Every structure is written in C-alpha cells, then in structure tokens.
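The two complexes that follow have subunit A in common; it is paired with subunit B in the first and with subunit C in the second.
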Partner chain A sequence: MQGVNGFMYPNEVQLQWSVLIVLYPFITGLVAGAFILASLVRIFHVEAVRPTYRLAMLTALAFLLVAPLPLQLHLGHPERSYEMYLTPHRTSAMAMFGFVYLWYLMAVLVAEIWLDYRRDIVIMSQSATDWKRWIYRVMTLGSSNISPRALEIDDRVGWLITLVGIPSAFLLHGYVGFIFGSIKANPWWSSPLMPVVFIFSAMVSGIAAVMLLYMLSARLRKEPIDMRCVDTIARYLFYIFIIDFSLEMLDLVHRIYEADESFRSLDFMVHTRLYFSQIILQIFAGTLAPVVLLGLAQVVKLPELARKRIYGIAGSLTLIGIFAMRWNVVIGGQLFSKSFLGYTTYKMGLITREGLLMAMLLSLLPLFFLWVLAKLLPPWYQEQDAITAAG
Partner chain B sequence: MSNFRDTGHLFRFAGIFVAAILIFLAIRGWLVPHTFGQYGHYRGAALNEIAAKPVHFAGHQSCETCHADIAEKKSSGKHASVHCEACHGPLAAHADDPSIQPAKIDTAVLCAQCHETSAAKPKGFPEVETASHSNGVSCETCHQPHSPALEAGGAQ
Partner chain C sequence: MNMTRRQMLVLLPAAAVAWESLLAGTPESSPNYEQTQHWWGMLIDIPKCIGCGNCVRACQSENDVPDGYFRTWVERYHVTDTNLANPEVISPDGGKHGFPAAVEDSGKYFFVPKMCNHCADSPCTQVCPVGATFVGPDGVVLVDQKYCLGCAYCVQACPYGCRYIHPTKRVADKCTLCYHRITKGLTTACCEACPTGARQLVDLKNPKDPIHAFLKTHAVQVLKPQMATGAKAFYNELDGSVR
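The block that comes next holds the complex of A and B.
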C-alpha cells in the first residue's frame, strides 16, 4: 500500500487527527501565552512590558474566539456541539474543557478586558458620533461612573481576575497536554510531563506572538518601538524558552534512558519520517536558533536595529518551532503502528474541510478578529491619551 | 452608600452572568429529555424505542431450517464459522416471507472485503490481489463460496 511501510493495523493506515488538530493546541497555546505576558504587568508589576498589556489581552481574546473552530470543523455537526454543555460526562476531558473554555473566555478575558477598558468605553460612548457610539453605550452596561473610586475598585477587581486567570490559563493549556499525555495506549503521547511541556511551550509561543504583533503594529502605525519593552519581553522569552527546552530534553532523556518496548520504533520514526519536522524544524530551527539569538542579545551589547532584527527572526522561528512541536506530537503520534513494526504517511488535503487552505484560513482569522477588536478597543497607549484628552 | 454607587457597574456585569446562567439552566431543563440519566448517561426511553424497532437479522438458525443442504455443505468447509447474513445481509424479511428474494451478491466485490491482500492480516489467511488474480471476474466462477476448500469440491 502506498505510503505504508511494514505492518500497520487496518485502522492505523489513515490518520484520524488532521492538521486542524495541530492548529488547535497551537492556537490555545498562543492564548495562554499572551495572557501570561499580560499578567506580568498586572500581577508581577513588570512595568516595562506595559505597552503590550492591552495588545496581549486582545490577542488572547481574538485567538480564543477561534480556538474551538478547528475542533468544530474536524468533528462536523456543529449544531450538536452545545449538547456537550447540556449533558457533560465527568469522565470526558473534552467535555470538561468546554466549561474551562467558557470560564476562561467570559470570567477571565472578557471580564478583565471590560474592566481595563471601562473608562475608555464610557468616554468613547460620549465622544463617538457614528454607529460606534451605540456599541460603546451597550458596552458601558448603562453605567457611566468613572469616578476615581470606581476606577480604583475596577483595578483591584481586575487584579483579582488576573490572579484567577493565571491558573485558568495553565488549566486551559494544561488540559490540551493532558488530552495527549493521558492516552496510555500511545507511547509517543503518554507522559505526565506532557501538560507541563505544553504549558511552557504555550508561554513561549504566546510571548513570541505578542512581541511580533507589537513590533509589526508599531511599524504599520509608523510609531517608534519601545525598545525597553521588547528587550524585557525578549528577556522573559529567553528565560521561559530555557525552561521549556530543558523540560523537553528531560522528556527525551527519560525516554532514551527508559528505552521501553516502543523506543526503537519511535527512535526510527524520529530519524526518518519526523526528521525534518522534529530535528530540523523543531529542535534546530525552532528552538536552538532562537535561544542562541535571544541569548546573544542578552550577553552582547547590540545596536537597536540589530536587536529588532534578532527579535523579529527569533520570534518567527519560535512560532515555527512551536507549530512544529504541535505537529510532531499530533501527527507523529499517529504515524507508527501499535505493533511497533510499521509506519504510515499523513497526506494533507488541500481544499477539503480539514485541508491546508482551511488551516491557513483559521490561522489568519484570529488576526482579523484582532484587527476588529483593536479598531473597537484601541490597545495603543497614544490613543488612550487622546481618549483621556477628549474626556 | 458611595461604595455601593461605585461598584454598581460590577453588579450589572455580574447580573449578566447570573442571567446567562439562569437562561442556560432553563434551556437545559427544556432541551434535555426527562428520561436522561434514568439508568446511565443516556436517554432511558431510548431502550424501549430501540427494542420496538423491527428486527432485520433472522439469525443463521432460521436460515438453516430451510437451507439445510447449504448448512451442511458450509459446516465442513473453511467458511463454517461465517454466518449466513455476514455475506447475504439481513434477511428477516425473507425468513418471514420466502417470496421476498434477497438481493443478488456480486462476489467480485464481496469476497475482496475479506480476501484482498493486506499486510495487517494474520499469517496463513487466504489473500489475493484481486486486480491481477481475477481482474473483475466473479469469484464464484471458480470458487464455491459456501465451501471454498478443495476437498469440498470447490476450486482452490
């Protein structure tokens, strides 16, 4: 059979989880990572990254809105998906995730964004003239109280929500790792380290994405990049990347040392079918290269332009590397036979419900949502000053 | 009083959540069937509904009461453990009313479902590459499907 080598059971020949299931943990990872970056300002008082606070929150929201779409497209019958909320089964991790998702979307992200923007929303509901005025009016919930005391209370409640949001973000992405890590029949996935690795890789990808979006938006808006801000983000990215890489290597060393009955088969797969996506893309191009580049920016005093270029390249490589990591987990886990004697091939469709075009569309959709959100709730601090002046 | 005034918007926000939860519970109460959870994590009434559905399979014992000759032929061959309706399809209607004739089987398609070459099949299982082996000719031209072994009179 074409694309199949050795012995495959009949139900293993064709992959059940497609590129959309690769995209799903990648997108939720960006959400969790972007939120963690925002929490640096709120909880850990890293004032240098404040210029990206609102952008990080809106990025998290835009990507979270798209996060369930790959699953809906993969499963089909979106008209039935609400039933997961009506009659959830406690033993179903995916059903429980439905509630984690809603909690994170409504009780954390929407609540925090609303509280943070409330002052601006009230001012804009009075100063805007066109149809936007009505949108802002609805968003004020009929309260235009922006007294110093009310704003102080908002700030405190927002702090509390962020505090709850950090474990929620960990839960959100930890669950995605849990889904894979808890499948004991699959030695490529079954590891208690999986949720932890997913959380740290999520932080890495989310921070890199917000850093790139911030630099890109500043360029598009022809505004200077706050170098203190991106330097700080790059420093945190570097630290978290080190932890993430160490955890992944720990997992690898553990597998090599343990060398259970699946090891030879998986080792062969990594050296053949996954060689490009795992060794070249994930480890060398997507991890070691950005770590070295970010480390270089830490130890050598480089001019501003060089740092910008390094951050741009390192950020892009990071996103490619984390996407490759998701690919290697999801697709790699389905390429080998449970008999450990055969391998299959993943053939991605092009214009199908789960094909390449749909994956590209779903990757671009959050950016469109972010553009709409940024138009409605400007995350740029210069505009915030203008709003204050208008008020 | 001033504290209450300055937190009024938070109560409005919380009110939306409470309203959403109440609406969800109301919709849930309306949509989830009353017998859901009666016996387990499924709709209890579904058991009776499924039980009331017409039976499609007659069972091989029913077939053997009329087709004893075929049953005997089959019992000594390689297909002894393959039940009649596994190949012929559900035949309860035919068993109830023998004038209803079962659909003709295209053996070129049916036999290949089990006997097409695949690396996943156990050693010793008879497999052929139908494209080169028979090229679309019906298997029963050479083989006796009810007893394909040589000693039963069928071709190899």
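The block that comes next holds the complex of A and C.
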C-alpha cells in the first residue's frame, strides 16, 4: 500500500488527527505561556517585564479566541459540539475542554483585562469620537466610577484573578497534555510526564512569543526596545527552557533505557519519518540552539545589538521547536501501527478543511485579533500616558 | 391514483406505524430481547481459520461497510525461528479476497481474524466526550451515530485498531456484533458465513452456551491482555507473536 511500510491494522492507514490538532496544543500553549509571563509582573513583582504586561494579556486573549477553531473544524459534526456542555461524559479527558476553556476565557482573561483597562475604557468612552465612543461605552458595562477607591478595588480583584489564573493556566495546558498522556493504547503519548512537559513547553513558547511580539511592535512603532525588559524575559526563558529540556530528555532517556515492547518501533520512527521534525527541528534547531544562544547572552557581556539579534533568533527558533514538538506528539503518535509492525505516512491536504492553507489561516488569525485588540485597548505605555492626560 | 375508503382505512395505520418508527429512529425493534439476560462475546478458533475472507465480505455487505474500512479483517502471520519478535504479517484489503500462496519454508503460517473485542472496560467508551459510544448491559460496545461528534478520540484510544471515522457519515463506526441480528436470536453475519466454524458468537450469561465447557478445556487468550480492557474476543491457541 502506498505510504505504508510493514504492517498496519487496516483502519490505521489514514491519520485521524491532522495538522489542525497540532495547532490546538500549540495555540493553547502560547496562551498559557503569555499569561504566566504577565503574572510575573502582577504576582511576582518582576517590574522589569512590566512593558510587556498588557501585551502579554492581549496576546493570551487573541490566541485563546482562536484555540477552539481548529477543534471545531476537525470535528465530523461541529454542529453537535455544544453537546459537550450539555451532556459531558465524566470519564472522558476531552469532555472538560469546554468548561476549562470557558473558565479561562471568561473568569480569568476577559475579567482581568477588563479590570486592568477599566480606567482607560471609561476615559476613552468620554474622549473618543464616532463609533469608537459607542464601543467603549459598551465595554464599560455601565460602570464609569474611576475614583481612586474604585481603582484600588479593581487592582485588588485583578490581583486575585491573576492568582487564580496561574493554576488555571497550568490547568488549561496541563489538561491538554493529559488528553494525550492518558491514552494507554498509544505508547508514544502514554506518559504521566506529558502534562508537565506540556506546561513547561507552553511557558517557553508563550514567553518567546511575547518577547518577539514586543520587539517587533517596538520596531514597527519606531520606539526603543526596553533592554532591561527583554534581558529579563530572555533570562526567564532560558531558565524555563532548561527545565523543559530536562523533562523531555528525562522522558527520552527513560524510554531508551526501559526499551519496552514499543521501543524498537518508536526508535525506528524517530530515526526515519520523524528524523527531520524531531532530531533536526525540535531538538537541535528548536531547543539546543536557542538554549545555547540564550545561555551565551547570560554568561558573556554582549553589546545591545548583539543581544537583540540573539533574542530575535532564539525566540523564533524556540517557536519553531515547540511547534515541531507538538507536530511530533500529534502526528508522530499516529505514524506507527499499534501492532508495532509498520508505519504510515501523513498526507496533508492543501486547500481542504484540515489542510495547509487552513492551518496557515488559523495561525495568522490570532495576530489579526491581536492587532484589533491592540487598536481598541492599546497595550503601549506611552499611549496610556496620553489617555491619562486626556482624562 | 384511485383509492377506495376500505384501502385507505387499511393503509392509514400502517403509515402511522411507519411514521412513528421513523420518528423514533428505530425502524426495527426486538420486543422479546432482554439486554440484561446476555453478556455477548466471540470465540475465535485460530486453528480452524483458513483465511478465506468470507467473514470480511459478509460483514461488509451486511453492514454496508465502506471500501477501505473494516469492522472485521483477517491477518496472516508468518513466524519463523528468527522473527518471533517481529513476525511478517499481511492483510491485503483486510483479507477480503483471501491471501497469496504461502512460501514453503521452516516457518509457520496462521490466520488471525480481528474485530472489535467488545471490551468490558473499554478504553474507547471511556474517552468519548459526550458518551455517544457505550457498553450496553449485554456487553456490546455500540456507537450512537446521531450523537457522535466525530472527534476520533475513541479511534485513538482503541488498542486494537477496530474503529474508524465513516467517510460519509463522519462519525465513529465499528463492529456492532450485528446487533440487529443477535437481538432477534440470529448469529452475526461473520459467524454465519464462516465455513469452518472458526468464529462463534458466545453468550457468557447463558449457562447452556458451549463456551463454558470450551474455556475449561482449551488454552484461550485475549489480545493484548496487558491493556486490561476486559476484551471479550477469546482466541483459542493464540500464538505469542500475535499483536
């Protein structure tokens, strides 16, 4: 059979989960990671990264809005997806997705962003013109009290929400890891480490994404990059990357040393069909290279320009590496037969419902949402000063 | 069309019954079938299977299984003293049209019919996000295709590769143990078509079922026992190399 080596159970030849299911953990990972970066400011008082606080929150929201779309598009019957809310099956790891998602969206992200921007929204609902004024008026939700006492309450509630938000972010992405890690039929997925690896890789990708977006937005807006800020982000990225890499290597070493019944099959797959995406992209280009680059910036005193370039390259490589990791988990987990006797091939469509074009569109959509959100709720601190002046 | 009052009166109740069964979504019912009185499984006697593919063809025509997908299939194992851990296995088109001639050598050849194991602790029903697939009180694993989202999580969770997403219905599909037949007292299509009796539908709750005597006197095994799925497809003389 074309694309098949060895023996596959006949129903296994076609992959069930496509590139869209690769995007799903990638996108939710960015959400969780961006939120954790924002919580550094709010909960852990890392003042150096404050310039990225609001950008991180808006990034998390923009990506979270897109997160369920790849799932919806993948479903055979998307019109029935509401059944997950009405009759969730309690033993299913997947059944909680809708609730975890809604909780994170409404109780954490939207609530916190609203509280954080409330003062600006109220001021803009009075100072903006045309249709914008109406949008801001709606966004005030009828509350225009911005007295110091009211803002103090906002701040306290916002702090509390962030505090709840940190375990929620862990829950959101750790849960995604559990969806894969709890499948005992698939030795490539079945691992108690999976949720932990997912959480740390999420933090890595989210932090890298916000760092890149901050540097890119500063360049587009022709403003200087706050080097103290990006140096601090890069330092955190480096530390978390070390933990993430250690966990992944622990999993790998454990598999190699234990060498259970699935090992020969999986090892062969890694050396053949997954060689480029796993060894080259994920481990060398997407993990070792950025870790070495970020480590270099920690131990050697480099000029500002060199650091900027290193952060730009390391951040981009990180995102490629984490995407490759998601690819290797989702696609890799379906390339081998559960008989451990053969391998199939993933054939990605181009202009199909779950094809390359759709995947690219879904990858760009959060950036469009972020652009709209940034227009409505400017995350740039210079503009906030202007809003304050207008008030 | 001319219709007398008498004909009309005869046709009306029939039309009402048809309409009601259409609304209920259950065109066939089995009023005498008690789910709790049965615990269905399948006995597969490997030495008896000749790899003719009758069962695969019967299943496909009975259940309208789309081409390229299988509710049941047959594998041929070729095991030699050098490939015990890595046997040569083939299943051309699910074994639907039989197998190519075997090459005579020192190894052994045997056929292994595969199907849904109707597991008592089935990992596929565990993961369904809406409970569209379930184990019935009679031990048959079924899918409510009017409720299934088509997420394919169950396909991933089945250790035996027995499920697929139906290409046109876009929902999970699998062996129903010919539920429409067994609830009427018939056997499954695959059992009926098997010329050697290699497949036997068994009811573990029926004390008169010959399976009880068979299990006492034969070396019977299930596939992948380490998965602890409570599989109810029992294989007689299952070779250790079978996956």
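Assorted remarks:
One rule holds in what follows: the second predicted complex is superposed on the first by the 389 of 391 C-alpha atoms of A that agree within 3 Å, B and C clash if a C-alpha of one lies under 4 Å from a C-alpha of the other, contacts with A are read in each partner's own complex, and residues count from 1 in each chain.
Simple rule for what comes next: a contact is a pair of C-beta atoms (placed from the backbone, for glycine too) under 8 Å apart; a residue touches a chain by one contact, two chains touch by 3 or more.
Computed from a predicted model, the values in this text were never measured in an experiment.
Aligning the shared subunit A places subunit B and subunit C in steric conflict. When the two complexes are overlaid on their common chain A, residue A:Pro10 makes contact with subunit B and with subunit C alike.
Looking at the shared chain after the overlay, A:Gly295 reaches neither subunit B nor subunit C. Shared-chain residue A:Ala111: touches subunit B; no touch with subunit C. Touch criterion met: A:Ala95 reaches subunit C, while subunit B stays clear of it. By the touch criterion stated above, A:Ser147 is placed in contact with subunit B alone, subunit C being left untouched. Of the two partner chains placed by superposition, only subunit C is touched by A:Ser81; subunit B is not.
By the touch criterion defined above, A:Gly355 reaches neither subunit B nor subunit C. Set against each other, subunit B and subunit C differ in how many residues of subunit A they touch, and the higher count belongs to C.
In the overlay built on the shared chain, the residue A:Val157 is in contact with subunit B alone; subunit C does not reach it.
Taken together, the two structures place residues 7-10, 87, 89 of subunit A in contact with subunit B in one case and with subunit C in the other. Residues of subunit C touching subunit A in their complex: 68-70, 73, 75, 86-91, 93-94, 114, 123, 126-131, 147-153, 155-165, 169-171, 227, 243.
The touching residues of subunit A, counted against subunit C in their complex, run 7-12, 14, 16-17, 71, 74-78, 80-81, 83-84, 87-89, 91-95, 97, 179, 182-186, 264, 333-334, 337-341.
Within the complex formed with subunit A, the subunit B residues making contact are 2-3, 5-10, 12-13, 16-17, 24, 27-28, 31-32, 36, 41, 118-120. The part of subunit A that touches subunit B in the complex is made up of residues 1, 4, 6-10, 85-87, 89, 106-107, 111, 114, 118, 140-143, 145, 147, 149-150, 153-154, 157, 342.
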